[in-house]
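Here is the structure we will look at, set down as structure tokens.
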């Protein structure tokens, strides 16, 4: 299904930016995720993306529980999905999630939903999160906790192999 | 919260296109829609938009049950939300939904989440749906059922006042 | 559908107990609540009951936000549903919810799902909640806030007419 | 938390009944499953039980997709949960699910939610399902497909080791 004009614009990083941090989550379609039309209801993908983002978070120490401990909130301010093919009852799929380097204080994630075992891309998406401090004030500079992570990321110490 | 570069691109219609079909749904934030951070979880807005789209559907005879009866499926192929302010426990809000005229066979809806009673815009979004026939083949021309509706819409007989 | 042996055991109150506090919530089945079998997925009823409990809470000042303000948590420790007939796409129904008088420190609610407009009972259920203080300690005596409410309830000042 | 009077009544089978069919599903609490109180919202357990039932279904050929293929529906007519301790953000747990032998045409499942790695029981539950044929008529005798399965079950050929 070609959808030229809708094409999801992905994040662009400068030429010197380190590689995105990526991780995979494996999921199977659940009974209650399938709608009357026999396919996964489109609104369920927010949960799949959350699974993907959690996989990145756990792999690299960027989980919501880490944020919580640090007094940081990271509300999603932009959410976008482009659906290609429908996930069906019983389908197994990978959520391949990447966090992109950004100088601005925001967490930019992209998501690919790939059916298993054939690897067909079913949907693509992205989210943008801003950071708030414990008084709900927008953070305009990266807080200490992120600076340490970004230092390692920059030095290539956070890039894990997929999976 | 200014978000210039992310700005949600809304649907554009030709100068002769009839006015969008609009309707309102009134909702109150539910306990289970609020997350650990004390705000409505971003993934819940797909449900709010579904409420909005249903309101348009019921008001103008475009409900999923009408589609079902006609053997038409209308899968969402693009879904986008831009979040401005967070909905809080107990907030009441309107989902203001508009279906835009389109020559191409697609249902283009936009959504505004407006807090009550002050009318503050909390989030904006859009969805794009394609139409499939009962063999899951993409419809490239409007089916009879829609032609009749569009005829009325064109003549201004489907434009209800808001609410 | 007779289901004698499973019959849901409802709450019994002493002969002097004041009437239950009851309220109604009106709902329409949503598209995403319907499963592959064409009926509302059984797990959705927890949301319907939450709507019902909220209606009682708002009507009588027993909302989770009231609890929150008072530093009281009210976790559900028992949840039960007996399903008679399936709710279908587009069905409209009332959630008729009653809070029963209890000497022991617990909130005992019963729920009736009644299809509109014919009033047919589709499902019945109940929940039991205990009360915790802000240190997550079980409350064995009714806290001040509830004592005031119960005083009014006892005097018949909290019994609203249905609806 | 002792809850004597609420104690969930489990299924009883005759002395000659074959052992229940049991399977495990491993889950981690998701961000969006946690409510404002910081614990998993009680209504989420229906999804956990569905995961557990699916694990049994896949292990023994009793999946909803098998039913679908056979033209059999299996609506849940009774659902019950007894909550002991709350699941917290990030908790990992097993859903230990057992399907009990029954002469009457019904699927009786029990569920244990056990926190990992300490094995603490967090919640217990059960569901009862009836069987309907493709005309939504209640099945009073086991259909062919189940008879074959039950034959194997009776002979002890369906009893897998846990996990």
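What to note about this one:
In this document, chain identifiers A, B, C and D correspond to the written order of the chains, with residue numbering beginning at 1 in each.
Following the convention adopted for this analysis, a contact is a pair of C-beta atoms (placed from the backbone, for glycine too) under 8 Å apart; a residue touches a chain by one contact, two chains touch by 3 or more.
None of the values given here were measured: they were computed from a predicted structure.
When the CA atoms of chain C are superposed on chain D, the rotation angle comes to 180 degrees (nearest 5). Centre-to-centre spacing of chain A and chain B amounts to 25 Å, using the average Cα coordinate of each chain. Between chain A and chain D the centroid-to-centroid distance comes to 32 Å (mean Cα coordinates, whole Å).
Each of residues 31-32, 36, 43, 46-47, 50, 64, 68, 89 in chain B touches at least two other chains. Contact topology of the protein chains: fully connected, every pair of chains touching. Those residues of chain D lying in contact with chain B across their complex are 31-32, 34-36, 38, 41, 43, 89. For chain D in complex with chain A, the residues that touch the partner chain are 30-32, 46-47, 50-51, 54, 63-65, 68, 89-90. Looking at the complex, you find that chain A touches chain B at residues 1, 3, 6, 36-37, 39, 42-43, 45-47, 50, 64, 68, 73, 75-84, 86, 127-128, 130, 138.
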